[in-house]
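See the structures that follow.
Shared between the two complexes below is subunit A, which has subunit B as its partner in the first and subunit C in the second.
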Partner chain A sequence: MNAPSPTLLAAKDFKSDTKPVWCPGCGDYGVLTLLTRALADLALRPENVAVVSGIGCSSRMPAYMNCYGFHGVHGRALAVATGLKVARPDLTVIATGGDGDGYSIGGNHFIHACRRNVDLTYIVMDNHVYGMTKGQSSPTTEPDWDNALMPGGTGVRPFQPLVIALASGANFVARAFSGDITGTAEIVAQAIKAPGFAFVEIMSPCVTFRPEQREWKELARPSPVPPTDDPARAARRLMTDDGFNIGVLYTGNRKPYQPATGQERKPLNALAQGFAL
Partner chain B sequence: MTVAARPKTSPPVSIAVTGSGGTGVMTAGNMLLEAAALAGCYGFMGRTSGPQIRGGEAAALIRLASGPVEGYADCFDLLISVDWLNLERLTAEIQLGANAIVIGDPSQGEPPASIMVPGIRRLALPMKDMAKKIPGGRPNMVALGYVACLIGLPEAAVADAVQRTLGAESDRLAASLAAIKAGRIAASAVDYPHKLVPDLAHRDERWLMTGNEAAGYGALKGGVRFVAAYPITPATEMLEWMSPALTEIGGVLVQAEDELASINMAIGASYGGTPALTATSGPGLSLMMESLGLAVAAEVPIVVVDVMRAGPSTGIPTKMEQSDLNIALYGQHGDAPHVVVAPNSVADCLATTQWAVHLAEAMQVPVVVLSDQLMGQTRMVIDPPPDRGFVGERQLAAANGEAYRRYALTPSGISPMAIPGMAGLMYTADGLEHSERGTPSSQAKDHLAQLDKRERKLHAVDFGPHWADIEGEGEIAVLTWGSCTGAVREAIARARDQGIAVKLVSLRLLLPAQPDRLAAALAGVKRVLVVEQTHSGQFHRYLRAEHTLAAELKSMRRPGPLPMRPGDIRDELVRWSRP
Partner chain C sequence: MSAVDTAIPTPKKSPLDVVIAPRTENEELISGSEAIAHAVRLANVDVITAYPIRPYDTVMQYVSKMIADGDFDCEFIVAESEHSQFEIVKHASAVGARVFAGSSGVGWFYAFEALAVTAGLRLPMVAMVGNRALDDPGAFGVEHNDALAVRDLGWMLCWVSTAQEALDTALIAYRVAEDPRIFLPCAISCDGAFLTHSQSIVKVPSQAMVDSFLPRYDRGDKRLHPDNPITIAPQVNEDWLMEMRRQSDEAARRASDVLIEAYRDFNAKFGRGGEPFIERYMMDDAEVALVGMGTMAMPVKVAVRKMREQGKKVGFVRVRWFRPFPTRELQDALADVHAVGVIDRDFSFGSAFFSGVLANELRSALYPAKKKNQPKILSFIAGLGGREVSTGNVMKMTKTVFDAANGVGTDAQDTYWIGARE
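Then we have the complex of A and B:
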């Protein structure tokens, strides 16, 4: 996280004038609101924040924000964010995207970003569906969910992002709900402040292809237990709860990965000495 | 003691040091090259090996001379082998001359018949037994001492080279020097007329470096301060050289989880204002294609060095080919204007990669540098190339109170770039087609305007004389690129000795193609021999697709891994020059 702004900005100052492509009722509107609120609450300057994304409905986020943005190719947001943060540790770098982008085509980067523990915040808006391609199973979709591409469902066990994040070394792990603007803004603000790789899985309903997810509003509830710094305890909670406990689950104390940059120990031309006879 | 007067120069000598992987032939080869360099000679050592890390066939292919040499000779003069295991697999790569000498250890049996030439001179050197008598002694060091003595390298230069490699404090040093001495004593009884004549005049100014190191150093000189790396043969050594070098000068190298990540990390760093690079080989370049297109569309400068090996698929990871030309030029989906450059010697890897950084930053495009295994892994004695002063300089935006248009339609196509941290210039870099402001757009007018803008950039920069190396005059020309250039130069020199004048044109800038410049360079040329190392003639097709050439064209091509031989090209030129 970078130095706070001298003058306070409001959430709206972090929104652009571009109208989102999202469907009415999409959970991602809530995430846009709460993310911009978190940035304002942290008193950050828009020019010192970069939001990086891949491809999918939720990956459109940077265009709707007033800060630096990078909308790249499908699945590679974390790689772009890693390069940016390592080269520019002074910036606040946030990667956003969906479950298909982050857990399927980008799944390898997700695991290695957790391992690497660069000081990033990764927000996944999980709606258990590929929405932009009009309703196919994603890695988090239930195995029997019927759709045109896989009639009767994929029959494949859902991906467990929070457990995998924990096992792979993410330093901050939280589950949140896009309908809870205030609570999730607080979680996201904590994630941005947390050193190292902070992962926030936000349940964000797709009302068009998964209308039953409107029920999440009734099901999501604050977790009855506080965060732990014990990964084994956190994993046990994750593997035994019903998926609707909301809150920060785990905060670790691993040192973030940040090689020194900008510290010239010898002039460039001195490297040629290694070639001299 | 009287010393026989030596001639001022001597013809180059080609030496193959072979043995199965793990016997230390590459170490011995490198020491031999370094000893020759310290003695005042020029030369190089290429590497060829099977895919195994240990136990496969391996050879250090060395050529030494009084003056600069760039490429392999037609055949080898000396072959010394620690053992003969699987050496028949290198038969095509180690063609022996009629007057060659083969040196082997009698305890290792007979050399493979395929490699032998009838009537060839053979010498027995019991390297294994000799090494055994020295505690810690190794047969490869016996071989080194033997060959060094045969070709007349001073003992002190060999000792110096060994000490530089092992370190003065090494506990292996004494045993190595003793083994080398044993080899030297054994060779002193052999009459070998072919002694190297050193040129000590400017010895201390020379460099000993590989193409991979040269490319890495050139990148840093151009301004690269971020590298994302995923290991791949034969590019790994470039990344391994850059890693500590970057730390020294305040940059950083990150190991990525795959090539998809490495190119995107480079794009992320460059978006943040740090000139960035990744290096790979064919399979990695294939994986990077989508994101190279992203760098085109989002206008993020990056450099991708492809140290080519034989393809397709995994192909032959340890051996050269030029067959990534097509994907480097045309591999991206959509219309994606970018730059492709190719160094044409070990030394040129430095300047061309430095130039690539300059072009990427100036034009805000991805630049692909096509090196290959032959240049990348060959260690060569060179005169330090002059610094052409290429530095990456990006045109930066300045806030002026108006809404910032990142992708403004400027006459040159190059629009000033904002860097995160600059107030009042926030924008989203986008791989989606976009308006001038960067807002996603699927409208025909925005697509056309941005396609035109990105195309214009290719013509906004003066490539100067660097687009090609043009040498000599003649009604016949050879048009080539990359590592073939060394063999072509030597072939042309030999053809000239036979009274045939041949012009050389070696293209360094492949994309954007320079059809007018090439036409001017070939004015008056009636016949053009196109020399390349692909099976399908990718360069020949590219020339015909992108250029209008008045001269008669003839394609001379060969796939990897056998490098072009000057004699073959010379023969072709001689045949073709006859009326």
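Then we have the complex of A and C:
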């Protein structure tokens, strides 16, 4: 975490001049608004924040923000974010992306980022579809979602991101909804403040390929129970969950990964000497 | 496949070879991607894997529609990435399933580990590459560097220029890839957008016609099966690797003759298909020639026609197969021209003369051809990232080639970037 700055900035100071190309009504607009608001609320400064993403509609986030940004390749946001954070521990590093990017092609990074517990925040805008490539089923798509590209549905059990984050060792696990700007800005701010790997799954409707997700605003409701630091209790809660309880589920106390900076190391040329022919 | 296997049987003549099915074909207005999907259906592919990336994803779309409409039955698996996509079909091929997969640009590159090993293990598959620029994010237009990357690995590799050719070539590709003399994977490159997404009238053959041309895939004693306990991909290290590479080399050498055989049969049964490796356009008395691949043929043919009307003796050679490379055919087609302009929709930074990939390949193919009277070879880099190549561009390139032929103003080895802002 960076020290609070003397002049407070507003959310708009974290937005860039680039106009988003998202479809009108896309949930990702809300995430842009609430993420910039969280950064302002935390009194961070753009020069101390880096937003890293992969590829997808949601992964366009860095382009629309005024801070350091890295738009990488599909599925690799967490690998880039990890490298950045260990090299520059002073930066607040946030990875953003979609369910395809993060759970499909990048799924292995997700598991290992949770395990490694580097001090990062990972925000996934989950719309249960590959939006950018025009509406194919993703790992979180309901198995019976009938659509032109997967007639009759995939029949495959959906990926359970919160369960996996919890089981893999994420230090902070939350579910949020892009339509709830104030509540989700608060959750994201907590995630950024939390030490270690913080995971926020934001339900963010794709109005173009999943218009029925507009209903999420009726269904999403604050979880009736407060966060727990007991993984077993959090797991049990997820097992009985209908997917629409929003709020912080779990806050752990695992020690974050500490990059080994400034340690005494044997100089390289001394090692090389030993092998000289 | 064991490392010591050298005897690759010549297939017995299939009784199917002599049956000529009646030519019943439906004319349909379809895109290049849909044509590939039809070929996959007609080849009765057993296992298909998919992961979306444009422009290839249109094939995935058409295949799933055919399955949903009940027109086609196969295992259709949407993988979690291209790497898994190509791993799945590779192993399905090992047990004797006919397989198909496809991708584009960085997706194809993400599968690279699997692509390399598929060829090394001699596992046939047919893949479609919807050519796309390698991102930085945001570049979706056509460039050929994606597919070209497998050129040294044992993949057969071709470029098609029309939807009809896409369909026909996919059928030919199955026959050759799965021929026991070959057992190599084959990639069919379709220029992104220009071919994958544009429609034309295509003759879609009947199942009977295709069945008379394409035998079932039979791995014989190379089939991985509990009744046939063999090891695929054993640990060989330096003990056997060189011999395995040598076997791949021999298969790649045999590929030319097997392709010629397949085209001959295809021409007989379907009444089209043309010359296997190259297409010669107005080459008869040409003094200079342009050479290119894929949909570059469109503006080039129009420009060549116009220039012919003006009395300029220019022709065009379209390279259809890049692997095996048509060395003999190109030596023959270009034997009498004074200068050649190779139009590459790719780049090869730092290569000899900083030329395109095709230009350099052609240069080495022609080098031993006729030592004294070598045509001058000019390299043009054009149309990268899907930028339009106009007939005007082609005429300007041709003028430069004529100048080179007449010894005016140019060094034979020059490389020119066409239409790039300075």
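We take it that the second predicted complex is superposed on the first by the 261 of 277 C-alpha atoms of A that agree within 3 Å, B and C clash if a C-alpha of one lies under 4 Å from a C-alpha of the other, contacts with A are read in each partner's own complex, and residues count from 1 in each chain.
Basically, a contact is a pair of C-beta atoms (placed from the backbone, for glycine too) under 8 Å apart; a residue touches a chain by one contact, two chains touch by 3 or more.
Note that this is a predicted model, so its numbers are computed, not measured.
Ranking subunit B and subunit C by residues of subunit A touched puts B first. In the superposition on chain A, A:46 makes contact with subunit B only, not with subunit C.
With both structures placed on the common chain, the touch criterion links A:73 to subunit B and to subunit C. Of the two partner chains placed by superposition, A:213 touches none, neither subunit B nor subunit C.
Once chain A of one complex is fitted onto chain A of the other, the partner contacts of A:276 are limited to subunit B, with no touch recorded for subunit C. By the touch criterion defined above, A:266 reaches subunit B but does not reach subunit C.
Applying the stated contact rule after C-alpha superposition, one finds that A:127 touches neither subunit B nor subunit C. Of the two partner chains placed around the shared chain by superposition, subunit B is the only one that A:86 touches, whereas subunit C remains out of contact.
Put simply, subunit A uses residues 71-73, 75 to touch subunit B in one complex and subunit C in the other.
Across the complex, subunit A is touched by residues 51-54, 57, 60-61, 64-65, 67-68, 78, 80-82, 106, 110, 135, 137 of subunit C. Those residues of subunit A lying in contact with subunit B across their complex are 18, 45-48, 50, 52, 60, 62-63, 65-73, 75-76, 78-88, 90-91, 108-109, 111-112, 259-268, 270-272, 275-277.
Across the interface of their complex, subunit A is touched by residues 37-38, 203-204, 206-209, 213, 217, 220-221, 225-226, 228, 245, 247-252, 254, 256-258, 260-262, 264-274, 276, 290-291, 293-294, 298, 381, 384, 418, 420-432, 438-440 of subunit B. Listed in rising order, the residues of subunit A touching subunit C in the complex are 55, 71-75, 104-105, 107, 130, 133-134, 136-137, 139, 148-152, 154.
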